[in-house]
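Just below sit the structures, each encoded as structure tokens.
Shared chain: chain A. Partners: chain B in the first complex, chain C in the second.
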Partner chain A sequence: MALKVTDLRVYYRTLRGEVKALDGVTFSVADGEIMGLAGESGSGKSTLAKSLIRLDGRMRHVGGTVELDGRAMPLSDDTAMDEFRFRKVSLIPQYSMSALNPTRKIGKMIGELLESRGERPDRAELERRLELVGLSKDVLDRYPIELSGGMKQRVVMVISTLLNPSLLIADEVTSALDVSSQKAVATTLLGFRDHGLVTSMMVVTHDISLVYQIADTIMVMYAGRLAEKAPADALVNAPRHPYTQQLISALPEVGVRYEDRRLTGIPGNPPSLLNPPGGCRFRDRCPLASGQCAEQPPFAEVAPGHFVACWKAE
Partner chain B sequence: MRRYFGRKLLIYGLTFFVAVTINWMIPRFMPGDPVSSMLSRANVAQPEAVEAMRAHYNALFGFDLPLWRQYLNFWGALLKGDLGISIWLFPTPVTDVIIRAVPYTLGLLLPSILLSWFAGNRFGAFAARRKWLDNSVLPVGYVLTATPYMWLAILLAWALGIVAGVFPVAGAYGFDLQPSWSWEFVGSLAQHWFLPFASLFLVAFGGWAIGMRNMIIYELEADYVNYLRALGAPMRLVRRYAFRNAILPQITGLALQLGVLVAGALVTEIVFSYPGLGHLILQAIQNQDFFLLQGTFLFIVIGVLIANFVIDVAYVLVDPRTRTGMGGQA
Partner chain C sequence: MMLKLDGVSKVYRVGAFGGRELKAVSDVSFEVGEGEVVSLIGESGSGKSTIGRMILRLASISSGTITFDGRDITSIKDRKEYYRQVQGVFQDPFSCYNPVFRADRVFSMIKEQYFPRVGADEWRKRVAAALESVRLDPGNVLGKYPHQLSGGQLQRMLIARAVLLDIRLLVADEIISMLDASTRIDVLNLLADLRARGLGILFVTHDLSLGNYVSDRTVVLRHGKIVEMGRTDLVFGNPVHPYTRSLLASVPRLHTKWADVATGDDVPCAYHEAPRDSRTRPGLAEVEAGHWVACAGCAASGIEEKKIKEKA
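Let's look at the complex of A and B:
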């Protein structure tokens, strides 16, 4: 078991109170598993991704534990976390295009980063990995400004995986790209796992159709909680949670003409996380809601590897 | 690269031309007549003699020619390195007068500009990461940078010169000394130098410290910093990178501030009766000394232009992004 998250709670401190962005999340990611993490804006998926590597100043680790390869990660201790970062857990950030220091040549920056972590830079290995993502070794002698956006992103992907981390978090890496680049990035991520450069991966996205192509499992979040986690096929073709069902049915399908049948969204809005209502948080928008939903449903395994947080999913 | 510097040189050349032309115009459009004041100084009673002297001086300085002729002659002489003869210190050539004053101005300006820039940046970056320092020093910095140079100069002269009596308040060396390479003279020089230097240094220091503090805080929020921190890079490396990036606007700021700093130095010299270029300008204006005023301004213009050019070159060296703007080759 590569990653084991138990009842993780991370709140944001704001002037109006605590925003419960991550409110009791329990799941695990197996060795070699690529898990897609989907959800709409504000569902807590980025908070989860960030919590696993670096809490920002406003985030507070309120409760729960995270284990990586059997070792507990000290989430709220910024200094102690450094030991895990880069070596054990690494990140491809959302902002890859601006993630490189503009006034250092890329090769020099990588060298300085590795040295500061007490690692010996291995030029040959670095060049081999650049080749793997289709970059020539010349980029090492360039400044970030001399590279295209796609090239910068690939450089960041190489840097992030340089120390063969157990867990790689890819946060919205395809969001700013055109479809052909999206495909290339997805294939590269798959290659990282297949070449054994990373053990497991968490791909955060709001694009289920894209993550479906590379992920082994998909986990859906709603309003700071988990809604459903299942093998990718099962989640897309036979979702059990009403939210997932509506999310999937809101995606356009190939071969269907939407002239006569309008593509419907999910009516209503997610609840405020400042003071979320008790019970199931999807209750207000759920067509199946009943009195029982006033109580929070457990994230239960309804079929092998298929977890759902819904009373109606048995 | 060559095209970039070619264009820069062209711009500097144009600026030089315009500035020198204005320098030539300003004294001539000032009210008053230098020859008349020279004549009154000579104290001659006979009207014929006065007329003869007036004609002589006018011919000597070239004031009897039409303005356009004077302008062309001025450029002609300038290109030969001849700045004319001072009226105030007649008949000393202006070049000699300026050369005597320049070491004092440079001795004030160079250390105060460079040290305040260097120390201000270091200190600002340091203050940016210590909350108590930031909270206590920042208001002081704002007060310092908002202080007019001469006001701070007067305040320092009063406090340390008059009240405490630690430093002398006028001149560049003791009135009882002759310039020489003796310890006594050098000591007196340093003592007289300190107050004008301190007033220039403090005002500029406050400005640089605040600017750097803001830039560092901004840079530490940047994406590349977040990425490095997520990969567990130690603060030491992150701060080094942030400093390097934050210094770039400060270099631009230095280029923009040079003119202001020079002007500040001139006023400060007047406060302390320091015999530099600022002191000369005041004397030149009071004595209607066209040539000395022209010459001093010319010297300042050349100085500011050279300093700006040096900063342009330095900027190209430290920021790779300006290099890519020069036609592809890095």
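Let's look at the complex of A and C:
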């Protein structure tokens, strides 16, 4: 198991109390697995991704453990986490375009970055990896302003994977891109895993149809908890959680027109995470809800590799 | 036709001292009729938003004309009169509200500007009716601050604001992109309902599946030029321009993986394959009734240009 997360809870401090953005999630990511992490805004997917890299000032690690390659990660100890960051866990940020230092040439910036981590830059390896994402070594002598958005994105992707991390977290990396660049970036991610540059990957996205293209498994979050995790094909073709089912049937696809088949959204809104109701958090919007749902359902394995948090899923 | 664009271009001056020109939109012609949804599809930099802004008179037109009910929109001196009929809704609903004020202030601002003589009771009724038409519960959203409402609710309130004016054309520029998947479809269905009431809608988007779901006709733009346009079922069902084909092939789909989508390369240029008399629009050939395509950038276009130059 590359990554093992057990009952992780991370809350945000606000003036009105604590927002329970991540409230007891338990899952694991196997070696070589690309896991898509899908959810709507406020589902906790970004909080989960951030927690594995760095808790910011408002975030508090309330409970639960995270193990990476058998070693416990000290989430709340900012300095101790330095040992993991970049080497073991690495992140491709959402806005790569603004992640580069505008006053340094790309090559120099990478050099300084490695130096700050006590690593020696290997120029030949760096050039090989740039080539892998379709960039020439000339970019090392350019300033970020001289590169296009897509090129900057690829530079950041190369930097993030330079030290062959065990876990790569890609946070909404395709959201700001055009469809054709989306495909290029997604296939590059796949290439990183296939070339063995990263062991496992967590691809955070709100776009299930995109992540379905490259992921081995997809995990869906709802209101700070896990709803379902399954092999990508099973999740898309035979989802078992009522939320996943409704979410997938609400996605318009090329070929579907409202005149032929009118799709419906999910009525209602997710609950506030300041004081979330007990039991299943989807129950107010769920067509199958019953009295039993007042008790929180376990995230149970209903088929090999298929986990669902719902009393009604058989 | 209600709205008609005829050979519309937009040139931006770029570079130091505006020395260079950037043609963001070149020679675009299409129409939007009453009760019709036309989607304008393109990637970033295709000029789709610029076209929307020109229609809304937020950007000047460099050449060509845009007419609304046969009148050149630049000749309409009273902008208020124009905006009573044509309104826009944009991508980010959160930035359209002032967080200091309650969200329903967008309605009272409309009243002050456009309906100062309507009585308070009558106005309340109209606001309630407009909210119901976008399927919002007035009691749920009125009196709330923007942060208390979801993106989908805020976006629907902006559409309700446009509906209050009893407009005839709505320019919807990427209005779905910032919404969550579970509420997206509600806003899309809402556009379809408004269309049934006779509203013309220009739906600007980069997302092919959204455009395909809701629109009657589709215009595909690339680098400011129309590459393919026509009835949505024809453009998506039988795309003939290589660019449209490659766009469709890169769209991530559920149930089908990229590897399984055949791209079908090496198709001949449909524009030059079609007979000459099918070139019924400038630069576009009508390959089947209601379906136009531009040259795929094949060798034949260079030869033709050369001939024209030689003649000159």
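The working rule: the second predicted complex is superposed on the first by the 312 of 314 C-alpha atoms of A that agree within 3 Å, B and C clash if a C-alpha of one lies under 4 Å from a C-alpha of the other, contacts with A are read in each partner's own complex, and residues count from 1 in each chain.
One rule holds in what follows: a residue touches a chain if its C-beta (ideal position, glycine included) is under 8 Å from a C-beta of that chain, and two chains touch if they have at least 3 such contacts.
Computed from a prediction, not measured in an experiment: that's the story for all the values here.
On the superposed chain A, the two partners chain B and chain C both fit, without a clash.
Touch criterion met: A:His206 reaches chain C, while chain B stays clear of it. Contacts of A:Glu112 after superposition: chain B is touched, whereas chain C is not reached. In the superposition on chain A, A:Arg85 makes contact with chain B only, not with chain C. By the touch criterion defined above, A:Ala99 reaches chain B but does not reach chain C. Residue contacts after overlaying the shared chain place A:Arg154 against neither chain B nor chain C. In the superposition on chain A, A:His306 makes contact with neither chain B nor chain C. By the touch criterion defined above, A:Ile266 reaches chain C but does not reach chain B.
For the pair chain B and chain C, the least inter-chain C-alpha distance in the overlaid model is 7 Å. Taken together, the chain A residues at the contact with chain C in this complex read 40-41, 178-180, 182-183, 186-187, 206-210, 212-213, 236-237, 246-248, 250-258, 262-266, 269. Residues of chain A that touch chain B in their complex: 53-54, 56, 81-87, 90-91, 93, 95, 98-105, 112-113, 116-117, 142-143, 145-146, 156, 159-160. Residues of chain C touching chain A in their complex: 43-44, 150-151, 180-186, 188-189, 192, 206, 208-210, 212-214, 232-233, 236, 246-248, 250-255, 257-258.
By the touch rule above, chain B contacts chain A in their complex via residues 222-224, 226-234, 236-237, 241, 244-245, 248, 318-321, 324, 330.
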